[in-house]
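Each structure below appears as structure tokens.
Okay, so subunit A shows up in both of these, paired with subunit B first and subunit C after.
Right, the complex of A and B next:
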């Protein structure tokens, strides 16, 4: 039996450490490619300013990268430390992409990042450029394998449950890797990282232009960033639509919650809700009030005009129909595990497809023991389980809307930035510069909302349809969880403080030693020291 | 022998390779971290010491991540059970591991003395603690851990964490592992450092080698009194991987030496370990740090090989429910997973070794204080 508060604290810890880690990942994903792009220009044109740019943005990248690596360690170990049942249940499948991520991607990224920082004078320009590209490739491959792993939790492909080993066994490497969910997630999430990086570079460049420092450096960085930003944001929106359609196909409960669909839709006039206050307790919108745009939802989600989208009422009914069979499957499985009775096995195999719903019902059974359910308990347990199969609608509805709204806002900001930058009049548009500067943290925040949309929408499942989150946790005591949570909270708070302090310090310091308040600290823009004449010419 | 059993064997050997890689490469960096305050008496010296491993610590650390990932993929039940039963120490290990990358990147970016002193302490803790825990984990596993499984494969812990945190044999293994890491780190500091770091590193590393050798011998004798585990019924190496169907397991003092008695050639493994430790000390004394470094790696092979040879086929025996002990045969992934993972390992482990060597060659040569303060990317 597992203590519900231990499960809640384990979920809280995982969510907090994952979200914390994910503040740093998108910037890493995007900045590596921007660094590679800047260095490519440097190698082709031979203009030292592009080397300056690569090195300066590389320094800020380093501050971000260190903490991303550090907090990524937590993620890999937490599956084992806090989700033992999960690790046992899907380790045969899920461990593979994680291990390959280490072998193929993370090793490459981490080995070459050292050379990228330290190897400027130790190899040819071309070799260094290759190293930078390998870092970019490594970090993005890393994201690919992690999202393949994550997609397995959303839409388990390539595995089937084996009653002998009591776990999901790997059946098809191809189905796991080429899962459409994985492809959709990877491109959407990694390109969201490019948006974060573009805003980061554009925002800091705007700050220099506003404070009238490092003019040429900032103008060039801003132009690259704005163009990179437009392309990335357009891609992220398009690919987000593809990801949403995947949800409709394989995770209908997530989609219904995302769009706040309490009832199955009536195509084609069904409006797309812009604003509503979904109330999970009453399963309706507060005051039955919503503002929507008719005729948008159906083509948006289904890419047709006539398909209905199942609402929460219908999905709950479908779930309810599976609960009793699921309970039969799990009790037969338990009997088979203990007695190896072939009759129990064939009963299990008959109901196997509904097994997940049996596990889902477990927390509502007396003493969390399905064999103790009496016929009179059953209707209550079915209702509760069906209700539990729907994620929190309010959270899902609004995190999705925040993500989408900001996504379009970024497109506008990048478009203005690119327009004025290409016309060489960006300095006369301080409002664009201010807007870009204040927007630096927003894409990262929005990426976090994207993560919440994906993972809250997966609930109540750890592995969609197979293993509920509630059953997946380790059987820790409350004391253990309080210990680790307090530790993470303390360390991570100190880290973010140090990170922000250094980011601000080095961003303010800028690429040129001229603006340095503390010249004794190895100033950014080292080569500028070697060529003072050049620095004086092109910077101020 | 069936293919599945062969795959399980290959993977336990590969796991050994990864654990040796972890000990050697991560251990080296941890050793440098532990020694930082002692080999560097002022800020310039400490920065020099840090920059000796500066370009490489990040890549080296991946051995740790890969070790975790490989256990997850190849022995998922071991991963789930060991990480959860060792929760408190695992979390302490994580805390110290996540302080380290931040310490590298942030320490020298602010000049204030307090800031740098704080990070130097962080290096000491995040260097020594993980190595002690790494060794202590082996020490605990050798003695068996109290856990059992429910019918669905969920583990339940049967003893308090105080036991595995504070038992003398585990502490001995922890100190042994710390000593090996100081030996490795010291050899690296000598290899790429100059006086005064060179001389100080030598003093610490040589003492560490001798301490490690002594502890290794004491541990070896101690192990013959510890209750080892042995299958008391025939076991099918190609069995379906579940600890729930395990044949009976007996506990008997000295059982960990059974494999050595059955295959006397195995005695070579601990002997190689001892040769590594003593040889490392002698090479460092003779001013041959490169040779010393490789002999240090040999010490890791010998130490982890000895533990593995003693326990084989067990990975994490259970004291409270011995028949549910985790072994190479019952805790592994399916043949399909092991096969695919092997394909990737055969391609990428050699690639990793090649590009890591290339990185070390590119960045080779002595690290001097002047060059450190000149390079803007220095730690």
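Right, the complex of A and C next:
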């Protein structure tokens, strides 16, 4: 018997650790390429300010990288400790990209990070630049393999269930790596990291300009960040559309929940809901209230004007049709496991594609045993299982909208930043500087909403269509789960605290700490301004 | 001789780029988009920084105010 409370706590623990960890990841993904861009300018122009820029933002990257690694390591162990059935079921497939990530990408990234930090005086400018690019490539390749593993959970490609070993067996490495889902997830998540890094650099640079410190440094950093950010945001919006279309093709329940579609759409006039209050209990919008834009949803999702998008009512009917087949598949599989009867194997193979729905029905079967289902129980179990195949619509609908709305808001902020920076009038627009400064944490939070959209939408599946989440968990005691959850929450909160303390400390100090040998000037009526040597000409 | 080596090296880079483009373009269009997009993002931000230096130099040599600045 699987205790639902243990499953819920396992889910909560993984969600908590993943969301904590992903507060560090996007900055690493984006800052590395931004450092590479800054160092490229240093190599091209030979101006030392760009070297200082790379070193300063590199220091902040280093803090983030170290704590990000610490929070990420525990998650890989969590698959084994809290999700042992999952690890058994898909370990062959899921373990491969994780191993490649550790051995290739992470080792590569970690090795070159050392060279990047300590190799400034030991290598030529060009060689150091190559190292910085390799760090950037390594960090993003690291993300690539993790996202390939995650994409397998969303759209299992390249593997097939083996009734003899009772687990998914690898069939095609190419299908796993080149699956459309893996591609769409990687590009979207990676470039979302670029947006986070761009806002981080632009926001801190704005802080320097507002406080009239490190002006030359801040103006140049802001220029690079604003341009980096505006193109990245455009890309992340475009690639988000690709990710949404993939959901439509391979995860229709996620797409229906994301768009709050209780009924199948009527193209082409179906509106795209801007605001609604989805009520999962009644399977309708609260007060039947919604504000939408007509003629947008169909082309947005299907890239056509005439294809209907299946709603939750239709998807539940499709699921119901598969539940009875799934029950037959799982029953035949259990019989085959005990007797090795070839007839049982033949029956299993006939219904194999619906096996996941049989596992899903176990939750509602008497004593979670499918063989105890009586004919009179069956309709009720089919209905409950079909309903359980739909993710939480309210959470999905709003996490998606928050992500999209802020994505467009970032585009506007970067556009103003880039426009005024290119005109060299950014210092006369304090509202843009304040907006950028206060927006520093927002892209990271929005990236978390992106993950909530992706993972909540995958429910109730651990591996979409094959293994339900509630069957994937380990059979721990409730006390163990509460203890480990509290331990993780405390430890990770300390990590976040340490990150914030160090980031604030070094960001406030700036590229040239107070008390350095650099000259200070105090213009009449204004605060003391730190004027590095290289800035003398501009300040004159 | 040095030029010949440089041309050979650049030709190899070009061949590698074409190889990646053909393989990625055929089997992994979004990965290819990421490669091209990331390169473009870096190039645009680097160009912005180089433009900044040009604007600074122009402001130093030219008494005219920067674009958008009041005289």
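Note that the second predicted complex is superposed on the first by the 513 of 540 C-alpha atoms of A that agree within 3 Å, B and C clash if a C-alpha of one lies under 4 Å from a C-alpha of the other, contacts with A are read in each partner's own complex, and residues count from 1 in each chain.
Keep in mind that, in the parts below, a residue touches a chain if its C-beta (ideal position, glycine included) is under 8 Å from a C-beta of that chain, and two chains touch if they have at least 3 such contacts.
Just so we're clear, the structure is a prediction, and the values are computed from it rather than from any experiment.
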item: Partner chain(s) touched by A:106 [first = subunit B, second = subunit C, both, neither]; value: first
item: More subunit A residues in contact [subunit B versus subunit C]; value: B
item: Which of subunit B and subunit C A:372 touches, first, second, both or neither; value: neither
item: First (subunit B), second (subunit C), both or neither touched by A:45; value: second
item: Contacts of A:338 with subunit B and subunit C, given as first, second, both or neither; value: first
item: Touched partner set for A:125, first subunit B, second subunit C, both or neither; value: neither
item: Sites on subunit A touched by subunit B in the complex; value: 55, 58-59, 62-63, 65-67, 69-71, 73-74, 76-77, 79-96, 98-104, 106-108, 110-115, 117-120, 122-123, 162, 164-167, 169-171, 173, 333-334, 337-338, 474-476, 480, 483-484, 487, 491, 495, 498-499, 501-502, 505-506, 518, 520-526
item: Residues of subunit C that touch subunit A when the two form their complex; value: 27-31, 33-34, 37-38, 40-42, 44-53, 55-56, 59-60, 66-69
item: Parts of subunit A lying in touch with subunit C, wherever the complex brings them together; value: 33-34, 36-38, 40-41, 44-45, 47, 50, 140, 174, 177-178, 180, 183-184, 186-187, 190-191, 194, 219-220, 223-228, 231-232, 235, 239, 242, 418, 420-425, 537-538
item: Partner subunit A, residues of subunit B touching it in the complex; value: 54-59, 61-62, 64-66, 68-70, 72-74, 76-77, 79-84, 87-88, 90-91, 94-95, 97-102, 104-106, 109-111, 151-157, 161, 240-242, 244-245, 333-334, 336-337, 340-341, 344-345, 348-349, 352, 355-356, 359, 362-363, 373-378
